[in-house]
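Listed below are the structures to be examined.
What follows is a pair of complexes built around subunit A, which joins subunit B in one and subunit C in the other.
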Partner chain A sequence: MTGRPDVPDTPEQAAGSHPALGLDDVVHQRTRLGILAVLAEATEADFTYLRKVLGLTDGNLGRHLEILEDAGLITVSKGYHGRRPRTWATVTAEGRRALRRELASMQALMQRLDSVIGARGD
Partner chain B sequence: MTGRPDVPDTPEQAAGSHPALGLDDVVHQRTRLGILAVLAEATEADFTYLRKVLGLTDGNLGRHLEILEDAGLITVSKGYHGRRPRTWATVTAEGRRALRRELASMQALMQRLDSVIGARGD
Partner chain C sequence: MTSSGFAHGQPDDAEGIQAHVAAIRSQVRRDLRGTSLPLLLLGTATVVGEAPQAVSQGWNTGVLFGGDWFTGLLLTAAFAVLWWAYRRRAVRDGVGRPAGFGAAAVLGLVLLSLGLLLLVFMGPFILFGAGLLMVASWQRNALLAWWAVLAGGLGVFEGFFGITNRLPASVWRTWEHPAIYLALGILTVLAGLAARLRENRGK
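This part shows the complex of A and B:
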């Protein structure tokens, strides 16, 4: 620790200008990006499906769903399928926009790195 | 907490099959991705430059450089520029490969989402 107050590294910071600053950590974080990606394809998905397709534990999935719900990017609803309790997650319009921004930022970063790193040549 | 041991969500997990599982968190994390991207372009960069271009605090940059160095993706060296102490970071060959894998994984995720989310149309 330096003892200084921590300056949040947001895209708004005047000092930084790199495309990586355009990445929003709520969406960029790997597990949450996976959840949003699945929901963007499926519109809604239940807890068990998300857990399996993304290879997550109950606790891990629950924690990330909560962060996404708090940010208004998904909605979570609980109900029953027969007698079994089920939890569904659905991506919101804001969630779709956030995912689109994330992909556009990654695209910008890729274009910038294309010549130096040869990402497309794989 | 569920009381279960936490299963790490690695690409190796048989249950999961989504492209987001191909993302390596050491490289994917926003700040570290930014550092690697800058170093891939510049080959080496000093601490002050990295801090400014990525809009980071000393503590934040130092912590992420350590994680990247521990993973063998960068090397950090200390020296003097005139009388002033300076710290340089350089990307390793493994670091370049890791960045290339990250970009390929994001590319795969984008291609999969392209039709449903319209990322390229922005």
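This part shows the complex of A and C:
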């Protein structure tokens, strides 16, 4: 299990009904999905890098980092480089799993839509 | 580094979101050079260490403090340089971390001193393979892991003359052993170049 009882572990578990049920509200939000995508590649990134890559304001990014941290998908640590304060975000194992699940669920959703459209001959 | 524009004017549909996620991931890959740089540097270290031995028909090959030690020293230096480069990037650009490279350099120092016999018997690719595998697991980089297993495995196999003994020649030639290491080094450089092209194309 994921430790988050509202979230199915795999798209297949959610696929009993509809793939959209496999989408996780915390992860599915576009900005948070972007943050997880950056961290899945880099493992660790600082506030300034995330802000530049995702084109966000300080307040907006801070709020989304807080939500992801509360969900246990990332950890946030603060430190200094010289006299400059820096905030680092690191993806957790659960964060990586959540991103994989989300992308798989979206893929399943698109395939389902494609097959429905194909069957109707639209 | 350019902004992907993910937060502004981005689509809501699943296909559009997936494309944006892919664009972000490829941009981070370009910023990190996480696959190409290690392969290029380690491959170059192997080529520089083995080319003189292959050309001079295997001087020092298999001898304590000989060829394997020299290539091992260069590989250790390459891991140390990679650790320094990725640490500098993490501090300067705020992305990535040098996880694994420092441990691989320490492994090299241990093999060059305490584990010298292991290095001589198994060849320099024990350091190449084990070090790169450590880096790959810390960095969660599947391509580096594959290359560590493939090139490292072949190199260690050759450390026991596994390939030279199977060559279709009745006479064992001294340059063959370093030439095989050299070939693996050249292949690693080519793999690094291919990885660099892939990173530039954003895949």
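The rule is short, and it goes like this: the second predicted complex is superposed on the first by the 98 of 122 C-alpha atoms of A that agree within 3 Å, B and C clash if a C-alpha of one lies under 4 Å from a C-alpha of the other, contacts with A are read in each partner's own complex, and residues count from 1 in each chain.
Methods note: a contact is a pair of C-beta atoms (placed from the backbone, for glycine too) under 8 Å apart; a residue touches a chain by one contact, two chains touch by 3 or more.
Remember, predicted model here, so these are calculated numbers, not experimental data.
> I'd like to know which partner A:L54 touches here: subunit B for first, subunit C for second, both or neither.
Once the two structures are laid over each other on A, A:L54 reaches both partners.
> Tell me which partner A:H81 touches in the superposition: subunit B (first), subunit C (second), both or neither.
The answer is second: A:H81 touches subunit C but not subunit B.
> Quick one: is A:A98 in contact with subunit B, with subunit C, with both, or with neither? Answer first, second, both or neither.
After superposition on chain A, A:A98 lies in contact with neither partner.
> If you stack the two complexes on chain A, which partner ends up touching A:E41: first (subunit B), second (subunit C), both, or neither?
both
> Once the structures are superposed on A, label A:L68 by its partner contacts, choosing first (subunit B), second (subunit C), both or neither.
Touch partners of A:L68: none, neither subunit B nor subunit C.
> Residues of subunit A touched by subunit B versus by subunit C: which partner has the larger set?
Comparing subunit B with subunit C, the partner touching more subunit A residues is B.
> Report for A:V26: first if it touches subunit B alone, second if subunit C alone, otherwise both or neither.
neither
> If we overlay the two complexes on their shared chain A, which of subunit B and subunit C does A:I117 touch? Say first, second, both or neither.
Once the two structures are laid over each other on A, A:I117 reaches subunit B alone.
> Where on subunit A do subunit B and subunit C both make contact?
Correct list for subunit A: 30-31, 33-34, 37-38, 40-41, 52-56, 60, 96, 103, 106-107, 109-110.
> Where on subunit A does subunit C make contact in their complex?
So the residues of subunit A in touch with subunit C come to 30-31, 33-34, 37-38, 40-49, 52-56, 60, 81, 86, 88, 96, 103, 106-107, 109-110.
> Quick one: in the complex, what on subunit C touches subunit A?
Against subunit A, the touching part of subunit C is residues 1, 3-8, 10, 12, 14-15, 17-18, 20-21, 24-25, 27-29, 31-32, 34, 90-91, 93-97, 99, 139-140.
> Applying the document's contact rule, which stretches of subunit B touch subunit A when the two form their complex?
Residues in contact with subunit A: 1-2, 4, 6-7, 9-10, 13-21, 23, 25, 28-31, 33-34, 37-38, 40-41, 52-60, 96, 99-100, 103-104, 106-107, 109-110, 112-113, 116-120, 122.
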